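One chain, chain A, appears in both complexes that follow, with chain B as partner in the first and chain C in the second.
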Partner chain A sequence: MFTHYIDLAWRSLKRTPMVSILMVCAIAIGIGITMTSLSVYHMMSMDPIPSKSDQLFAVQLNTTDEGTDWWTEDNIALQLTYKDAMFLHNQESAFRKTASMKGMATVHMNNDELKPYLAATRVVGHQFFNMFELEFIYGGPWTIEQEQLAAPVIVIDEETSEKHFGRPNSVGEQIYLDDRSYQIVGVTKNWDIHTKYYDLNNGAFSGVESIFLPITLIEAQQLDNSGNTNGWKFEEIDSFESYLQSELVWLQFWVELPDQRTKKDYESFLFAYLEEQGKLDRFERKTPEYKLRDVNEWMEYNRVVSEDNKVLVGLSFLFLAVCLANILGLLLGKFLKRAPEVGVRRALGANKRQIFLQHIIEVSMLGLLGGALGIVVAQIGLWGVRTTNQEYNALASMDLSMLLAAPGIAILACILAGLYPAWLVCRTQPAIYLKTQ
Partner chain B sequence: MSEIIPIFRALLRSKAGALMLLIQIAITTAIVSNAAFIINDRIQYLNTETGYPEKEIFSFSISSFGEISDLSVMLEQTEETIRNIPGVINASLVNAVPVSGSGSASTFGSQPSSERGEEIRAAYFTGDEHILNTLGLSVFDGRNFEKNEVVVGTDRNAVAQVAIVSKAFIDQKFPEGNGLGQTIYFGNDPLKIVGVVEEMVGPWLKDNQAQNVVIMPIARADKQQKFIVRAEADQRAAVMRQIDDILLAEHNKRVIMFKRGMDEAKDNYNASDILMLRMLVVLIVVLVLVTALGIFGMTLFNINKRTKQIGTRRALGARKSAIVKYFLTENSIICISGMLIGSVAAVFLGNSLMTRFSIPALDINYILTTAVFVLVISLVSVIFPAIRAANIAPSIATRSI
Partner chain C sequence: MLSMKNISKVYQTEKVQTHALRDFNLEVEEGEFIAVTGPSGSGKTTFLNIAGMLEPFTSGEFSLDGVDIGKLNDNQTADLRNQKIGFIFQGFNLIPDLNLYENIEVPLRYAGIKRSERKLRIEECLEKVGLASRAKHLPQQLSGGQQQRVAIARALAGKPRFLLADEPTGNLDSLMARQVMELLEKINEDGSTIIMVTHDPELARRAPRNIQVVDGQLADFTMYQNKTIEAIAASAPVVEA
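Coming up: the complex of A and B.
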């Protein structure tokens, strides 16, 4: 019966080609526009590390005087001072944690073969890779001993390795950053995440780094921060040492707390630390204030999905509603015109349910066609988004879930629009139509 | 007008189709008025006067490595090399590029910072005596920097003695208008205001104090040094193309990066607004098109359904104009009720956007304009099918099915 209904639906669509095309186009445009904004929204808000986004926490400590203004909603700085970050980083613990900083360096091979280039670097602890699930294809992270000794070691990604050595495995080779040489201890695979959730300071979608250095090199080699540095009070800073000891905030700090108990313990540890620091007259604050936010909370707090995007998604769904009202009107006309034919079918023994089902299958078919064409429209829309700015390159694309969602939403929407016309037509009284024939 | 009541009664007999049209028009009115308002808001923002000739200016960074005896001398030399490129008007070292979204800001006080007095926040730029000319600015009150006031070297803590500020800054700091020649404090260091520029903005256009800018005469050389260059507008592309080779020929232990025009930098900073603008324009254009097609299709369908009735009316003596008027009136009834509902919906939508997001309150004029526009569109899309209906021959009515 089902295939027969599909056959009937197809014949019906062919009988009124203009109206069918009009309806399919209306759905396609509605779905296309909706999927364009929904895809960008989906990519922006997607959980970047679903396996443990509830175990990774960004740490915030409020080490400012009471009444200091930040632009964050809870008035706490996004980053930590060097001394706080390094204290937390060096604490003995069973769980993983890392301080993190964005650096910048001229990368070269100290010869004329490769043109030197400027690259962003990520300066972190050796547990960073494990915490953020960045996998190695050769070698591994530097050891804790190397980190403590501030050894000139480096981890690069596959692409960088290919660029410098023409092969993916370059463990043991030397590479130059500015005027120093570093030994490669590991090669990671190219990191394929589009939201740079571990450091949202300089654009959430600005691309991840491909060169990683031990955090202890900041002090040993006086590495400069190329991310954001913020201060809240005047300090006389005349040397690198006083810069490190200052109240300026410029490092991120992440901790991986596997369960509630560890989290509780860590919170009381932070509380005790802040209480003790408060006594040292670093800041005037009655009660210590800290925040632990997991990955999704952190993205929400940093407003990774812009307001504009939410507005657009809302408006595009309203737009889809207009397209549906349009289709509903057209379907009404189309189905009612067919009443005499339905009358005959009813007289020959088809029951209401069967008539209803037949028409619902017809509108589902419309939805499927419209959804498929809608994907094409959405691709054009996403291409338009990508041409606006290269930052949107990774964001303006449809993943599998979105590709499946497009016909899904289209069919659902069409069935919704088709319910009333199908119900009207299945109520047809056979007698009336048989009389006039 | 006496026809309205019978037309209305006829509408009630097939209300579903009319209702759908009404809903369409209502939602269209609500969306278009709000979207047009947001579009206008963004266009105004994107066209904010920056004070710079954006199409003449470009910027880049030089990252130097290897053994360098005197970085400052080397970069001064580089500056001179750039100025000698044909087509270049001027060039200067800077700490940050205006309207690019990255730079430095600080508070500037009436007393040294250690005394914690009243302070005003401003973005600051540093450069040599060429910086104003390079940015295409001129001093509106006071004077430009003199060569001997420029602090040269690589010392990070070098301090300037004088500053040129924007009018917005000096008006806020010295509301009495006697700011020129006064002293402000950058940290603990005093700066004498020697000049005022009427219009310039800092690196962040979205800052609520974007116009507060202080320029200090410091040409401090850095291992990663930003440069800005102003060239003749029609020659900027050519200069940008050849500058890498010229600068690498001068010295090869360096990397030239982040080369881009000021207009490009600004577009990059405003990418999300430009995207929103484009998406909304596409949205409302397609929306209006879909609605117009909907009205068109509905009327066509109605005419087909009523061919016999129209023929009969014509046979009974109705003029062609009466038929056209019938459809116009019918459509207007639906359209005007849709618009009324849509206008109320627009106000609600505008309100909820305003409370949930940082979007200003919807201007009523936008709703009115949109309503009139939608009415015109609907009349245009109904008139052609209506004329077709009017041309139905009376003889049709006399034929049997």
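Coming up: the complex of A and C.
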């Protein structure tokens, strides 16, 4: 019977082509606009590393005086000072951890073959790659010894390797950043993540870096931070050494804590560290204050998905509701016009449930067609978003879940709009129409 | 087989109460061919609709093959209608988008009959009404008489025990009307019980049993024989507005 209802639905749509086209277009526009905003929202808010998002924690330490205002909701800075970050980074532990800084350098080959270009770099510990699941295709991360010695080594991604050497494997080759040369020890896959969750201070969607350097080079080579730097008190900074020892915050710090017990222990460690720093008169604070936030909490805390995005999604659903209200009107007209046929079907043995089902399948088919066309409209919408906002390049796309959701939402929405007309027509008293048809 | 006792049907609006049927009593035996006549507005179609379970009655008792119709819900009524009753309407009531084969298939699908069995029955019924070669035609491609024959085929396909026909020849010329009537007589001879509402006295006379509905009540036709129209009118019950 189900296939028969599908056949009837298709015939019904063909019987009134203009009305059908109008309804499909209305659904398509509503779904297209909804899916455009929903896809961007989905990409922004999706868990960027589901396999371990609850094990990776961003560390925040409050190393300011009591009463200092910060712009975060709990008055704690998002980043750490160099001395705190490096202290935590250098602690021996069974779990992974890394300090991290955003850098910038002119990349070249020290010859005329490749035009130099400015690129963002990421200065990190050797465990960064494992922590954030950045896969190597050749070589691997630098060793702990190389890191401790501040060796001039570097990890690049596949695209950079192809660009400089015309091949993916460039391990052992030299590459130049500004006026220094670095030996390539590893080549990673191109990193395909939408949200740069490991450094939300410097543009959550600004694209990941393709060049990675050891964190110890900051001091050894006096690497500049090209990300955000914030301070809370006046300090005389007249040298790179005084910059490193200042209370300015400019490094991110992440730990990978595999279980609750390790987390508890680490919290105790942070508490003790801050208590000790307080006693050294770095800051005036009665109770040490720190925060460990996992990836999703960190994204929420940093408002990766802004209120504007949420409002936009709400408005797009409102628009879909307006489209559905119009469809409801058209369906009412169409179904009630068919009441005489329904009367005949009732006389021939159809019960109300069968009539209701027949009409619900028809509106579902409308939803399916509208949803399919809606995906096309959404693709145009997403293209528009990408064209007008470069930062949304990686975000303005539909993944498989959104592609499947589009017809699902369309069908559900159409069923919602069709419930009342279908209910009304299935209540038709057959006798009224049989004589007058 | 069909039994109606004191059936009443009242249509109620805000201001007016209309008694379409009042204390209507009828017993129909298996295999009968009954012609129902009566003036316009007398309640013939209402009787037929109630007999076909197309609309509920206000009071009284109605049973079909021993089943108390008043106690059935919508699903049960629809099933019973599908199994036991075939309808033939004045306006044919064929579904315009479906070809003849598909039109006849409608009640069989609701009956849950398998595809192969449906095919057999449809072909048999189309053969019976002389339209086997037109199976793929749409209703509008046929004459009125042919459409009515399709409607009869559709009514027969479910092998119903009752055929309810509401002025089946009302939209046909006399030649086609005669052909349809002959077809109904043949169907009756094959064992189906037929109740036919008609305005045509000639057709009514061809039915073995005639009943007349006057002002919502069943009139004993025989008691009016050899009486003048004035006498019949004088004996009819008075309807209150």
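In the analysis below, the second predicted complex is superposed on the first by the 436 of 437 C-alpha atoms of A that agree within 3 Å, B and C clash if a C-alpha of one lies under 4 Å from a C-alpha of the other, contacts with A are read in each partner's own complex, and residues count from 1 in each chain.
Assume a residue touches a chain if its C-beta (ideal position, glycine included) is under 8 Å from a C-beta of that chain, and two chains touch if they have at least 3 such contacts.
Just so we're clear, the structure is a prediction, and the values are computed from it rather than from any experiment.
S.K.: Between chain B (first) and chain C (second), which, if any, makes contact with A:116: first, second, both or neither?
M.R.: first
S.K.: Looking at the overlay, does A:352 come into contact with chain B only (first), chain C only (second), both, or neither?
M.R.: second
S.K.: Does the superposition put A:380 against chain B (first), chain C (second), both, or neither?
M.R.: Once the two structures are laid over each other on A, A:380 reaches no partner at all.
S.K.: Thinking of the overlay built on chain A, is A:328 touched by chain B (first), by chain C (second), by both, or by neither?
M.R.: first
S.K.: Tell me which of chain B and chain C touches more residues of chain A.
M.R.: Partner touching more chain A residues in the overlay: B.
S.K.: Which residues of chain A touch chain C once you look at their complex with the stated criterion?
M.R.: 1, 4, 11-12, 15, 340-341, 343-354, 429-431, 434-437
S.K.: In their shared complex, at which residues does chain C touch chain A?
M.R.: My answer: residues 45, 49, 52, 54-55, 74-75, 77-79, 81-83, 87, 89-91, 93-95, 97, 106-107, 109-111, 154, 158, 166.
S.K.: Can you name the residues of chain B that touch chain A in the complex?
M.R.: On the chain B side, the touching residues are 16-17, 20-21, 23-24, 27-28, 30-31, 34-35, 38, 61, 63, 65-66, 113-114, 116, 157, 187-188, 223-224, 253-255, 257, 267-268, 271-276, 278-280, 282-283, 286-287, 290-291, 293-294, 297-298, 301, 305, 353, 357-359.
S.K.: Looking at the complex, which residues from chain A come into contact with chain B?
M.R.: My answer: residues 19, 22, 26, 29-30, 33, 36-37, 104, 106, 108, 116-118, 178-179, 234, 236, 238, 306-308, 310-312, 315-316, 318-319, 321-323, 325-326, 328-330, 332-333, 337, 381, 384-385, 388-389, 391-392, 420, 424.
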